[in-house]
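One structure follows; several queries about it will come next.
Note that the chains are named A, B, C, D and E in the order they appear, and that numbering of residues resets to 1 at the start of each chain.
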Amino acid sequence: MPFAASIDYAAIAPPLLAVGTALGVLVLDLFVPADRRGVALPVSLAGVVAAMVATGALAAGDDRSTFCTAAGGCSYAVDRFSLLFSGLFLLATAVVLLLSEPTVRAQRLPAGEYHFLLLVSLTGMITLAGSRDLLLLVLSLEVVTVPVFVLAGFRRADPRSSEAALKFFLISVLATAVLIFGASLVYGVTGSLQLDQVAAALARPRLRQPVTSAGIALVIVGFAFKVSAVPFHAWAPDTYQGAPLPVAAFLSVASKAAGFAGLLIVLLVGFRGYADVWGPMLAVIAALTMTVGNLVALRQRYVIRLLAWSSVAQAGYMLVPLGVAASAYGRARVLDDAAAATLGYVVFYAAMTLGAFACVVWVAGDRPRNAVADYRGLARRSPLVALALAFFLACLAGLPPGLAGLFAKVVVFSAAVRGEVVWLGVVMAVNTVVALFYYLRLAALLFAPEDRGSAGVPAVEPPDGPASRPVAVAIAVAVVVTVVLSLDPELVLHITPLAGRG
Amino acid sequence: MSPADLLAGALPVPRTAPGFLGWDPQEAVFVALALLALAAGVLVVTTRNVIHAALWLVVALGAVAGCYLLLTAEFVAWVQVLIYVGAVVVLLLFGAMLTRAPIGRSADLDSANRPAALLAAVATFGALGGLLVDGFRAAYVDLDTAPGGPAATGGAIFRYFVLPFEVASVLLLAALVGAIVLSRPDIGADRPPDGRGAP
Amino acid sequence: MHLVYPLLLAAGLFALGVYGVLARRNAVLVLMSVELMLNGANVNLVAFSVYLQDRLLGGQVFALFVIVVAAAEVGVGLAIVLLVYRNRESIDIDRVRELADVDPPEPELQR
Amino acid sequence: MTGAAWLVPAVPFLAAVLGLLAGRRLPGGPAGVAVLGTAVPTGLALALAVAVLGDPGRVRETSTLLTPTGAVPIAVGTRVDGLAAVVAVMVCVVALLVQVYSTAYLRGDPRYPSYAALVSLFTAAMLLVVVSADLLELLVGWEVMGVCSYFLIGHYWQQPSASAAAVKAFLTTRVGDVGFLFGIFTLGTAAGSFRISALLDRAPRLGHTAVLVGTLLLVCGVVGKSAQFPLHTWLPDAMAGPTPISALIHAATMVAAGVYVVARLYPVFVLSPVTLDVLAVSAAVTMLLGALAALAQDDLKRVLAYSTVSQLAYMTGGLAVGGYAAGLFHLLSHAAFKALLFLCAGAVIRTVGTNLMSEMGGLRRGLPVTFATMTVGLAALAGLPPFSGFFSKDAVLGSAWAAATGAARPVLDRPAAWLVFVAGMLTVLLTGAYATRLWLRTFFGTYRGTAVIEEAPTAMRVPLLLLALPAAAFGFVGLRSGWLPGWLGYGRDVAFFAYTPLPLTAPPTPSLGPQAGTALVATALGLLGVLVTYTGWRRAPAADPARLLGRARRPFERAFYLDELYDAVLVRPLPRLARAVLGFDVTGVDGLASGSGSGAWLAGGGLRRLQNGNVQAYATALFLGVLVLVAGVAVLT
Amino acid sequence: MILVALLLLPLAGCAGLLAAPDRWARRIGVAATATTFGLSLALLAAYDYHRGGFQLGVDRAWVPAADIRFHLGLDGISLPLVVLTTLLSFLCAVYTLKTLPEPGRPRAFLALVLLLEVGMLGTFLALDLLLFFVFFEVVLAPMYFLIALWGGERRSYAATKFILFTLLGSVLLLLGILVIYAHTATFDMVRLGRRGGADLPRAAQDLAFLGLFLGFAVKTPMWPLHSWLPDAHTEAPTVGSVLLAGVLLKMGTYGLVRIAVTELPAAARDFAPYLGVLAVVGIIYGALCCLVQRDIKRLIAYSSVGHMGFVLLGIATLTPVGVNAALLANVAHGVVTGLLFFLVGALKDRYHSQDIAEIGGGVLAKAPLLGGLLTFAAIASLGLPGLAGFWGEMLAMLGAFRPAQGLHRGLFLTLMVLAGVGTVLTAVYLLVLLRRVTLGVVPERWRERRFGDVTSVELAAWAPLLALTLVLGLYPRLVLGVTDAAVRRLLGGG
C-alpha cells in the first residue's frame, strides 16, 4: 500500500518563502498608512532575496525529491533544472519588482495587491519548475497565470488594460481547457499522472495509439500558449501593449520561461518516448513561430509591440532545439544537449529581454506612448540608457557586442545541426536576418539626430511615471548579468537538466 | 494493484467485457444522462437568452454530475453540484445581470464567427471522438471493483496530493484577491483616478 | 459499462464548448462555454480514474482540482468582464478591439 | 661590365622617379635630369655593346629569384648578348636624341617635367624589355611601356581626341598583351621556368602543342604592340601625342618591342611553322594596308604612322620567313630613318602649326635643314639606294624570296613566304609613291598656310642632323658579314636554324648585302612609285596627288574602315552590353535581394492583418492549430 | 601575448575615447591606431619566417564544455593581412584628423573605427572557429553605424542592406561551422586543419562547405551575392569605404582559404568549379557594370567585385600559386582600393558630388596632384605590371592555367581566358573613368570654385599606400615570400 512520505520542507522552502512574502505584503498593506505604501517593494524584494538564498543553499546540496509515492516517482523535484529555473524566476521577478516602482507609484495602483499577485505568480513558477506530476503542473501553471490576468488589467481605469486582461484570460482559459483535456487523455492511456510513471508506461509499444499522441499534442498546446508559440500567440502582442509595462515584462520573460520549464518537463520527463511524434510537431511550430513573429515585428511602430512580436520570434528560436527530435539521430543522441540549449537560450533571453524592457520603462517615463519614433535621439537625452538598450537589442539580434545573444543562437544552431535538422537551422538563419532588421532599425534610431519637436507629442497614454532609481538599478542588474553571460556563457550552457530520466 | 500493473499487458480489457457497444442497464441510464447533458449543452451554446443559457448550463452540469454518480465518483459528483451548480452558475448569473445582459431573447449573442465555430466544433468532436473510440473501443469499466467514495477521495487528497492542495489554495486566494481588486476601483487609490485615461 | 460512452460525452461537451467559445459574442456566454469544455475534460478524468481502478484516485482528484480551477477562473474572469463592462459599456468580446496591430497616429517613419 | 647591365634600365628609371617627385626643384631642372638620365644609359649601353660584341654569341646572364609563386618561380636579372646590346644602343640613342629635341619642342609647356620623366620611364621600360632575363620581367617592361605610351599620347589631355587616342592605344595593345601573358604561361609552364635561357635551352623538348599555342599567343602580343593587322588601328590615332613621342615610341622603340621579342625567342618560333605562317600573313596584309592608307592621308604624321605600320610589317615578315638578321636589320635602320622623319615632321609642324599637308607646301626654302634631313629620311624609307632602307628592305625581300623558292631551309610554308614576298614588292612601289607625295606636298609648290616659317632651334636641329647620318649610311653595316649578323647573335643561340638565303651548310655569318635580283626589281618598283606620283603632282602642283586614287581614295584614307568595323562590332555594343548588365544588376540581382526584402515586408503586412484585435479570431486560430496538430500527430503515430 | 595586446590596444583606445572629452578624440584615435600599427610592425620582426605553422599563439579555454577556446595565432597567411589592417586603420585615423563627415562626433566615430579594428584583427588571428565567428561578427555593428550615421543620402538603406546581407552570410557560415563541429566535436582550427576533413563524411563536408562558402561569398562578395556592396560603398563615409574595401572584404577570402579549403579539402574540390565560374562571372560582370556607372564610388565598388573575382579564381584553382595569388591580390586590393577610396573621398570633399558627369573632367587641371594620384591608383588598379595589382591577378590566371589535380582543366582554361578578357575590360572602364574625370577641360561650373589640391594630412595618410603600391609591384616577394610556405603547408606540399 503506497503511503505519503514525510514532507521535505527544505525542498519547498523557496516557494514557501515566496508565498509567505506574498501574504506578508498583503497583510502589511492593510496596516500601513496610505502614504507608506512604498514599503511593499522592499519587503517583496527581501522575500525574493530570501528565496534566492534558499535556492542557492539548495543548489549547494544534492538533488532531492519530495511528495513521492511508494510506486516510485515523485511529484516534486529539486535538481539542477528546477533550481536554475527557480533562480531565473526569482531574479526576473526581482527585476520586474524594481521596474514596477514608477508604475505603481505614478498610477496609484494598489501596491499591496500588486506585489502579492506578482509573488503568487512567482510561487507558481517555482513549484512549476519542480513539478514532476501533471496535476501539479496544471495547478502551478494556473497559479502562474491567474494572478497575471489580474495584473494585466491592473490599470483599472484604462480600457486597454482591461482589454488586455480579457484577451489574455480568454485565450489562457481555452489553452488550459485543452491542456487539461490532453492531460486526461494521457492519464487515461498511461494510468498515472506522475511523469516518471507516464514515461514508463509510454515505453510500452502497445500504448502506441493515435489517442496517446493526441493527448500529448494537447498537453503541448497548453504550454505552447504560454510561450506564445504560433498559432497560440495572438494574445501576446495585444496583452503586452495593454498591460502595465512591468507586467508585460513579466509576461514576456518570467511567464514565458515558466512555459518553457513546463514544456521541457513534460517533453523530456514524461513524453520522451514519443519524441518521434512531438519532434516534428515542435519543429514545425518553431519554424512557424519565428517566421511569423519576425515578419510581423518588421511592421511594428510601437516599441512594446515590437518587443512582443520579437518575443514571439524568440520563442521560436527556443523551440528549435526541441525540434531535433524530428530526426532519428537527433532524438537518440542529442536530445538532452538540445534541451540544455533551450534552457540556455531561455536564460540568455530572459536577461536581455528584461534589460530591453527596463530601458523601455525608463523611456516610458516621459514618452509613455511607446512609439518607435519616440526613441529617436535617445542617445542625446539619456546616453547610458541608449547604450544599454542598443546593447540589449544587439543581444536580441545575436550580434556582437551582444555576445550573450550570439552564444544563445550558437547553441541553438548547434543543436539543430547536430540533431540533423539542418532545414530548421536554415529557417532560423533566414529569420535571424529578418530580425536583425527591426532590432537594428530601432538601435540606429537611438543614435539618430533628434527630430524636430517630437518631444512635444502630447501624451495620450496614462503615464508610467518618471523613471526612477529602481529602474536604473534594474537596468544595471540586467546589464551586469548580460555582460557576465556574454563573457562567460559557460555559466548556463550545457547544464544537461533532465537527463537520465524516463 | 497499481495502474501500472493493470497496464502490464495492454489497454485494460476487464474480465466480463461484453461486445462492442453491448448494453447493460447502467449504461442505458448513463447514455440517457449523457444525452441530456449534451442536449442541454447544445442549448447553452445556441439559446438566444443569456438567462436561459445559464439555466441550461445547470441542467447540463447536473446531468454530468449524475454521470459521475453512475461512475461511482460520488465525491466528485457532489462537489460538482455544490460548486458548479451552486456557485459558478450563480456567479455567472450575477455576471450576466451586472453587465446588463439583455434579459430575454436577443439576436446579438452570436458573433460573425459562427461558421468557423461550427467547423471547429464538428472537427473537434470528430477528431477527439474518433481518436477516443479508436483507442478505447473495447475498454470496459468494471464499476463494482472501482475504488472511490468520499472517504477514499479525501484520503487520497491528503495523502498523495498535499502539495497540489496547497497550491490550489494559493490559487483560490489569488483569484479572490484579484477579483476584488479588479471589481473595486477604489482599492489602493487614495483618490479616484484622474481624468487622464478614462473616467 | 463501456468506456466509450463517457468518453464520447466528454468529447461532445468539449466540442460544444469549443463551438460556444468561438461563436458566442457575449463574454458571460463564452465563460459558460468554457465551463462546458472543462466539464468535458472532467468526465474524461473521472471515467478513466474508474476504469483504471486507480488506487490513488488520480483522475477523480484531478477532476476536483479542475473544478477548483474553474471556479477560480470564473471568479477572476467575471471580475475582468465586469471591468471591461465598466470601461466600455459592452461585453461583446469581438468588439473589444482597441488593441490590434495598427500603427500609432503619426507620419510614417522612413523604412 | 655586363654584370652592371641592370644599370641600363635602372638609371632612367631613377631619373623618371626623381623627375616625377621633384620635377622643377632639381638642379638643372627637369630637362637636365631627363637628358642626363638618358645620356648615362646611352654611355652604358655603348660600353656594354663594346664589351659584348667581342663575342656576341655568348650570353651573359645574371638572374636572382624575384619571388616564389607556388608554381614556376619568377626571376629577375639581365640577359645580355649581341642582340640585346645592339637594340639597347639603338633605344638609348634615339631616346637621348628625342630628349634633347624635346627640350626645345616642348619649351614653355607647363607639363614638361612630367613629360620628360615619363619619357625617361618609358626608356627604362624599353631597356628592361631589352635586357631582361625572365619573361615576366620582360612583361613588366612591356606593359609599363604601354602605360607610358598612354600618358604621352594623352599629353594634351584637354583635347578629347588625345585622350581618346591614348585610351585606344592602351586598350588595343592590352588585348594583345593578354594573349602574350597566356603565351608566357604556356611556354613557361612547359619549360618549368620563365627564364628566357631556360626556355631556349628546353625549346626542342617542349612539345609541339605547347610551342604552337605558346608562340601563337605571343604573336597576339606582338601584333598588338608592333601595330600589325588586325590590331594596328591604334597607331595612327596615337599621333595625337607630341611629335617627339611619336618618333620615340611609335616609330623607333616601343613598336619595335614586338619584333624584338620574336627575335628574342626566335629559336622557339622556328619550331612552329604555323605560327610563322600566321605572322607572315599578318605581315603581308599589314604592309599593303599600311602603305595604301599612307597614300591617302592628309595629316603628315598619319602618313608617317601608316608608313610605320607598313614598315613594321617588313620586320615581322622578315622574321616570319626566316630572315632573322634581315628583320632586325630593318628594325635598326627603320629606327634611324623613322625617328628622323618624325622629328623632321615635328620641326615642320612646330612652325606651321598644323599637321595637315594641305596647309603646307613650299617649305624647303624656309626650313632648309629640315628639308635636307627629311629628304634623306624619305629616301631611306622609299628604299632608294644607297640609303639605309634600301639595304635592310632588300635583306628582307631576299629572305622572303629564298624562303619562297626553297633556297633556304624553310621555317614556314612556302605560300606564306610567297605572300610576304609579293606584298613586300608591291609595298615598295607604294612606299615610293607616298614618300614622294609627302615630300612634294610639304616642301614643294607654294605655301598654302598662313604661319610665319622659321627653322627649328639648335636643340632640334642637332638631333636631326645626327639621325640623318645613320639613316643615310647605316645600310653599309649590313654589308660586312662579320658585323651586324654576327652582332645579332647569329652565333650560338640561333645556330641550329637557318636564316636567309643560304643553305645550312653555308658559313654561319653570311652577309646581309643586297641580292642582285630582288634589289633591282625593288629599286625599279620604288622608282616607279616615285615617278608616278611626281608625274601626277607635276600636272597640278597645288593639288593632292592622292586624287589619282580616284574612288579608292576615301577607303584608303579611312584605312579600309577597320576602325568603323571595330566601332560597330566592339566599341559601341560594349556599352550597350554594359548597360544591359547594369540594368540586370539593378533589376535582377539587386531586385531579387530587395524583392525578398519587400517580400518579407509585405508578408509581415499581410500577417499582421490577422492580428486584428478580435480575440475570437485568436481563439479560432488556436483551435485550428490544435486540430491540425492533433491530425498531424495522429497520422504520424 | 603580443597578439592579445594587439587586440587590447584598440579596445583600450575605444574605452579611452568613451572616457575622454571630444577634443582629445582624434589624438587618442591616432595614438591608439599608431601603437597598434607599431605593434604589428614588431610582429613582423618577431615572426620567424623560417618556421612553418602558427606562431606567437595564445590558447586559453573559454567555454570548456563546447571546447571553445580563446586561441590566437599567426602564420604566413594572416600576417600580411594583420599588418594591412593595422596600417589602414592607422591611416584612417590620420585621415580623420582633418576630415570627418557630418555629423562630426569624432569620439563616436573613432571608437567605432577602433572597435572595427578589433574585429578585423581578431578575425585574422583567431584559431578557434567560434572565436573566429565572433570576431567575424564583431565588425558588423561598427560598420553598420559608420554607414548609418556618417553616410550619404541613402545611408540607412545602404547600412541596412549591408548588415542584412552580411549577417545572412554569417549565419550560414555559422551553420557550416556547426556542421563541422557536429562531426568533430572541436572548434580548433589547427587540429581541424591537420585532420583535413578526415572526420567528416563526404556529404557532411559538402554541407559544411556550402555553408562556409556562402557565408564567405557574401562577405567577399562573390557574384551574385554582391548587391550590398555598391550601396554600402556609395553611402559609406570615406573611412568606412576604405576599411570596408581594404579589410572587410578580405575576411571573406581569408576565411575561405583558412577554413573552407583547409578544413574541407575534399568538398573544396567539389565546389571549386562553381567557385571558379562564379568568380569569373564576377570579374566580367563587375567590369561591365563599371563601364556605364555614373557614380564614382559605386564604380569602385563594382570594381571590387571584379578584383575579388580574381582572388576567388585563385582560390578555386586550389593550387599553391592560386592561393598565393589570392592572398597577394587580397593585400594589393586592400592597398590600391583603399587608396582609391581615399582619393575619391577627397574628390567628394571638394566637389560635393560623386557623380562622374557632375565632376565633368579636368581634375588634373583643377587639382593636379589629386588627379595624378587618382591616375596612379587607377593604373595600379587595372593591374599594370610593376604595380601592386598585377601579380595577384596574373598568378591567379597562372593558377587557372594549371589547376589542381582532379579539377577540369578545360574549364579552368576557359575561365583563365575569360579572366584575361576581364583584365581588358578592367582597363577599359578605368581608363574611361580617368578620361571622364581627370582629363579634359574643367567644366564651366567649377572654373570659379576654388579648392585646394591635396593637403599635407591627406598626403600623409596616403603616402604609405602609394609607396606600398609601388613596392608590392616591384617586389611581390614581400607578401609571397611570407605566404608561400604557409600555403604549401596548407595544401599539403604542392
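Convention: a contact is a pair of C-beta atoms (placed from the backbone, for glycine too) under 8 Å apart; a residue touches a chain by one contact, two chains touch by 3 or more.
Remember, predicted model here, so these are calculated numbers, not experimental data.
Chemist: Report which of B-D and C-D is connected by more C-beta pairs in contact.
Modeler: C-D
Chemist: State which chain is most central when centres are taken as means of Cα atoms.
Modeler: Closest to the centre of all protein C-alpha atoms: chain E.
Chemist: Farthest chain from subunit B, comparing Cα centres?
Modeler: D
Chemist: Roughly how far is subunit A from subunit E, going centre to centre by Cα mean, in whole Å?
Modeler: Centre separation, subunit A to subunit E: 43 Å.
Chemist: Hey, how far is the Cα centre of subunit A from the one of subunit B, in Å?
Modeler: 29
Chemist: How big is the gap, in whole Å, between where the Cα atoms of subunit C centre and where those of subunit E centre?
Modeler: Whole-Å distance between the two chain centres: 61.
Chemist: What whole-Å value do you get for the distance between subunit D and subunit E if each is reduced to the mean of its CA atoms?
Modeler: Roughly 36 Å separates the two chain centres.
Chemist: Multi-chain contacts only, two chains or more: what residues does subunit A have there?
Modeler: 2, 69, 135, 139, 142, 146, 149-150, 153, 156-159, 165-167, 170, 174, 181, 185, 188, 191-192, 209-210, 212, 214, 237-238, 296, 299
Chemist: Where in subunit C do residues touch two or more of the other chains?
Modeler: Residues 10, 14, 17-18, 21-22, 25, 27, 42, 47, 49, 51-52, 54-56, 58, 61, 65, 69, 72-73, 76, 79-81, 83, 86-87, 93-94, 96, 98-101, 111.
Chemist: Two or more other chains in contact with one residue: find those residues in subunit B.
Modeler: Subunit B, residues with two or more chain partners: 2-3, 6, 111, 113, 116-117, 120, 124, 127-128, 131-132, 136, 160-161, 164, 168, 171, 174-175, 178-179, 182, 185, 198.
Chemist: Sort out for me which residues of subunit B touch subunit A in the complex.
Modeler: That would be residues 2-4, 6-7, 9-11, 127-128, 131-132, 134-136, 159-164, 167-168, 170-171, 173-175, 177-179, 181-182, 185, 187-191, 193, 196-199 of subunit B.
Chemist: If you look only at subunit E, which of its residues touch subunit A in the complex?
Modeler: Residues 62-66, 103, 108, 119, 130, 133-134, 137-138, 140-141, 144-145, 148-149, 156, 159-160, 163-164, 167-168, 171-172, 174-175, 178-179, 181-182, 207.
Chemist: Show me the residue ranges of subunit C that touch subunit D in the complex, using the header's touch definition.
Modeler: Interface residues on the subunit C side: 18, 21-22, 25, 93-94, 96-101, 111.
Chemist: Please name which positions on subunit D make contact with subunit E in the complex.
Modeler: Per the touch definition, subunit D meets subunit E at residues 65-72, 74, 114, 136, 139-140, 142-144, 147, 150, 154, 157-158, 160, 163-164, 166-167, 170-171, 174-175, 178-179, 181-182, 185-186, 189, 574-575, 577-579, 581-582, 585, 589-590, 592-594, 597.
Chemist: Which residues of subunit E touch subunit D once you look at their complex with the stated criterion?
Modeler: Those residues of subunit E that touch subunit D are 161, 164-165, 223-224, 226-228, 285, 288-293, 319-325, 362, 364-365, 372, 379, 384-386, 390-391, 394-395, 397-399, 401-402, 416-417, 420-421, 423-424, 427-428, 431-432, 435, 438-441, 475-477, 480-481, 484, 487-488, 494.
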